[in-house]
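In the two assemblies presented below, subunit A is common to both, partnered first by subunit B and then by subunit C.
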Partner chain A sequence: MTTLTIDGRQVEALRGSTVLEAARENHIEIPTLCYHEALEPYAGCRLCVVELVTPKGSQLVASCVYAAEDGLVVKTNSGIVQESRRMTVELLLAAAPKAKVIQDLAAEMGIEEPRVSLGDSDCILCGLCVRACKEIVGANAISLVNRGFAKEVKPPFEIGSNACTGCTTCVLVCPTGAIKLEDVLDSRSVHRWESDFEARECKICGDHYLAPEFAPDLKELLGEEEV
Partner chain B sequence: MNSEQAFDASELADLLGDKQDGEDKSLMSILEDVQARYRYLPKDALILISEWMGVPLSQTYSVATFYNAFSLKPKGRHIINVCLGTACNVRGSRKVVERIADRLGIEPGETTQDGEFTLETLNCVGACALGPVAIIDGTHFGRVNAAGADKLLKKLGVEGRKE
Partner chain C sequence: MKTIRTPAELEELRGSLAREQDPARRVISLCGGTGCRALGSDSVFEALVERIEAENMGNQVTLRMTGCPGFCEKGPLMVIQPEGIFYHGVKVDEVPEIVTRTLTTGEMIDSLLYVDPSTGEKIAYEREIPFYKKQRPLLLEMNEKIDPTSITDYIALGGYGSLSKVLSQMTAEEVIDEVTEAKLRGRGGAGFPTGLKWRISREAPGDTKYVVCNADEGDPGAFMDRAILEGNPHRVLEGMVIGGYAIGADEGFVYVRAEYPLAAKHLAIAITQAREYGLLGKDILGSGFDFDVQIRLGAGAFVCGEETALMASIEGRTGEPRPRPPYPSQSGLWGKPTNINNVKTWGNVPIIIENGADWYAELGTEGSKGTKIFSVVGKINNTGLVEVPMGTTLRQLIFDVGGGIPNDKEFKAVQIGGPSGGCIPKEHLDTPIDYESLTELGAMMGSGGMVVTDEDTCMVDFARFFMNFVQDESCGKCVPCRLGTRAMLEVLTRITEGKGQEGDMKYLAELGQQIRASSLCGLGQTAPNPVLSTLRYFPDEYEAHIRDKSCPAHVCRPLIQYFIDVETCNGCGRCLRTCPAEAISGAKKERHVIDQDLCIKCGSCQEVCRFDAVIVE
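Showing the complex of A and B:
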């Protein structure tokens, strides 16, 4: 175990955990946007910053990637932490004013209008969809493309990717609801990636299922019998 | 006429084949070779490289769109870069960009129809004392004003407004 001090409390954490994990393990809340416990941390949103108190002075670090070491002294809600988070939320609101989570965070912090406008997106580029598609699904259908202000999440060449399986994990993991799913009886569309699928009707129960790509393998397995 | 180099898959096979023998098999260096050969990264090349390297296409596309050195659209035979960094900017580099854009009949970021020239801007190349700085095909020119830009273009064979 590792022992550290968070908000004046001595807490214990498993060796190898991050400051964020140590805090959450001990019921100390740190807000996050780009973190998901099932995915590799990305340290992209900077909402999870905490103050690290050292003999040489204080420092802001992203708790989702900072290793919880013995003797660390951490403050999760000090003045500079609040100030930094406020700026982060204001900038996120400036870039993605359509994202409900950001609107809510801004409202909580009393931010009405961001001082600048950096876009009108509903995506905060947290990369959760990309990491879920890669790490959980293994499809690698989408990625972060371009750089700086032009950065977006897209399938390759910005056209529907044949790597997309229509699993909708990205839809579930997206914190802003930016990825729209349309499921009607015999078709499924994941609009943001322009992924369209035809669903087949099961000859036995009449329900629709979405696995046309896998069907040939299934046929092979069943020796070309009707499936 | 567009001078877009036709992409030839067998040539790529040569390129990749060389790499297989050598030590260096990084995605970046392969993309650099292809960019140098075709002056852009043809879509089919990206697909083949991904397959060959076993890298998901989404990742190759991510890398190809991240770096300034790569382009998905064919670039001109001559690449003209003008610095719009703070120091060059206050010394009037915007005028230089406007003049070159006007002469070539393209906007920054574009390539002339005949595939001869690409005009680009960048932000500080670390030669601020020499500003405004223009870089043509890798050679730096300092203290460039609109008239100087005309002279540089003339050397490249552009007299007056192109087309």
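Showing the complex of A and C:
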């Protein structure tokens, strides 16, 4: 075990864990947007920043990637942490004003209007969909393209990728609801990636499942038979 | 060519190359750096070859296309030895005269000599030109003496001697001690002690280690690394092999941007030659030490100069940074300990080994040793590359070496450290150049880009330029950098358009502080510096834009108007004919008028007016 100090409390954490894991393990809440415990940390949203107190002074670090080492002193909600998160949320609100998750965070922090307008996107580029598709599904059907303000998530060459299996993991993991799934009769569409599939309705539960030719694993599972 | 197998064989080769050289022989060094080539030195070279052949002087004259000697403003540059005659602005049609007069009798051609602008006197010799007099070239010293595509030119001047010394007489620990005692600090800009970095890399567990040379120089207006790789690639390679020996690596990479084709070409030639001579590869100089170097071309992303993004790019992944720790010296390329240094840092290594740590540590200031190369550009007379000892003041650099500001304009500020650096105003001109002093002033040493501004530069517009650059070059991974720099650009843009609001300065300062504190990598953490430093030193200019809707430097077009003065205009019609918007009217010999609705504020009328009748307000 590792012993560190979080918000003045001595806490223990498993060796090899991050500050964020150590905090959550000890019921200390740190907000996150791009973090998911099933995925590799990304350190992109910067909402999970905490103040690292060292003899040389304080600095902000992303708790989702910073290793919880013995003797570390960390503040999760100090003045500089709050100021940083506030600016991050204000910027996200300026870029994605209609995203519910951002609106809620802004309301919590008392941010009414961002001081600039940076567009009207529904995607906050947290990269969860990309990592889920790569690490959980293994399909790599989408990726982050371009850089800076022009960055976005796209399938290769911006056309529906045949690597996409229509599994909808990206839909489930997206915090802003930006990836929309549409199941109508015998078809399934993930519009954002221009992915369209033949999907049948289950005779028992009514849910859609993909036609076996699009999901070979399913074919095996079903033994060529339809439910 | 046979492989050099021992230090003795290297020394033997050096000796025989040196004996072949006749100190009285005429040697023409023509700059073949990118700057001089752009000014036509390629054709001058061809003309020289032809003419020398035609005159049958081939066996009396050595002609060399060299690296950059620094005085880019005056290119194409030519130095003729043994006298050290300096010709500038050499053109093809001057070649016959140079060959028939100077090469035969040493007679100087007046029109090609440099004129000292302060005295009006002609100066014949390179060493007497003020631009060179106050410099202390260490890294750039060999640039004008060798053909960068010839390994023997480098060896003849003692090249690879440091490597030979290291491999035959020093342990890895001793090499690291030497670099540590020289107090060399990283020349990429952050100034981390090089010896300490090497030690951490050496002590990191693992058998496979790498060294990397960061040649992804991307600051606007900076070309120090390019000049070194173009002009003396072997020095960098020698430094890398020594570094590899010291930290225990047998493989190195040079990450050079694809926009530097000549640097990449010369480096590739150098690597091939070094392999042929046995100075790269297996069992170098019989020491049992193996080391080889590969080139990786960057695809044009500024962020790939950030070490973790650079490594991702070498590995074939998207050039995006990752959080540190772990630092590359603990876990770098493919998870192995990797020692990354800048081109200039590697280039300093053979110099330290050759002359010793004590000698090196005598140059410079207490905390910053050695020399520093700057590319000095912008509103300055002597645009080019300069190498001065650390501790030289900004005033000495800009006025004594740089020749001051053109057209009798007044110096306003100097931007040091590129888009990550800051603006330093005239009240701090006597600041010595060292890592700490510059950081204290809100700038940073950076890699060596230096942009000089004068009274005609609008500091808000200037800050906006750099912010536009960084927001475009941000990789977009983290929110503060992706959106924060964009927000700063939006605010700066509205200020320069006369739409600034009360509170904008405070908002810029807040954004700047948060982006600096919260961003993932060095790009974001330093991106606000140009804005924060101009806010600090030029608040009046921001206020004038926001409150009075005026641009004191008359740069921001939405805030200025051009008028023709009633008294001064004599109706010559020059402006009327020049105006691309046909906004000027007036009968001949009568006062002309600018129609403000049609005027596009290009300033052409002011440029062409011979009577200073066009006024900006």
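Going forward, the second predicted complex is superposed on the first by the 201 of 227 C-alpha atoms of A that agree within 3 Å, B and C clash if a C-alpha of one lies under 4 Å from a C-alpha of the other, contacts with A are read in each partner's own complex, and residues count from 1 in each chain.
Note that a contact is a pair of C-beta atoms (placed from the backbone, for glycine too) under 8 Å apart; a residue touches a chain by one contact, two chains touch by 3 or more.
Quick caveat, the model's predicted, so the values are computed rather than measured.
J.: Determine, for the superposed arrangement built on subunit A, whether subunit B and subunit C clash or fit.
T.: clash
J.: For A:Pro155, is the partner it touches subunit B (first), subunit C (second), both, or none of the two (neither)?
T.: After superposition on chain A, A:Pro155 lies in contact with subunit B alone.
J.: Answer with first, second, both or neither: which of subunit B and subunit C does A:Ile142 touch in the superposed model?
T.: So A:Ile142 only meets subunit B here.
J.: Count the residues of subunit A touched by subunit B and by subunit C, then name the partner with the higher count.
T.: Touched residues of subunit A are more numerous for C.
J.: Check the residue A:Arg46 against both partner chains and state whether it touches subunit B (first), subunit C (second), both, or neither.
T.: Touch partner of A:Arg46: subunit C, not subunit B.
J.: Kindly classify A:Ala163 by the partners it touches after superposition: subunit B alone (first), subunit C alone (second), both, or neither?
T.: first
J.: Could you give the residue numbers on subunit A that contact subunit B in one complex and subunit C in the other?
T.: 144, 146-147
J.: Contact residues on subunit A for subunit C in the complex?
T.: It is residues 42-47, 49, 59-62, 65-67, 80, 83-84, 87-88, 91-92, 94-95, 115-118, 124-125, 127, 144, 146-151 of subunit A that touch subunit C.
J.: Which subunit B residues qualify as touching subunit A in the complex?
T.: Residues of subunit B touching subunit A: 43, 46, 56-62, 65-67.
J.: Could you list, by residue number, the parts of subunit A that touch subunit B in their complex?
T.: So the residues of subunit A touching subunit B come out as 134, 140-147, 154-157, 161, 163.
J.: Under the stated contact criterion, what part of subunit C meets subunit A in this complex?
T.: 301, 303, 318, 322-323, 325, 471-480, 482-487, 490-491, 503, 507, 510-511, 514, 517-520
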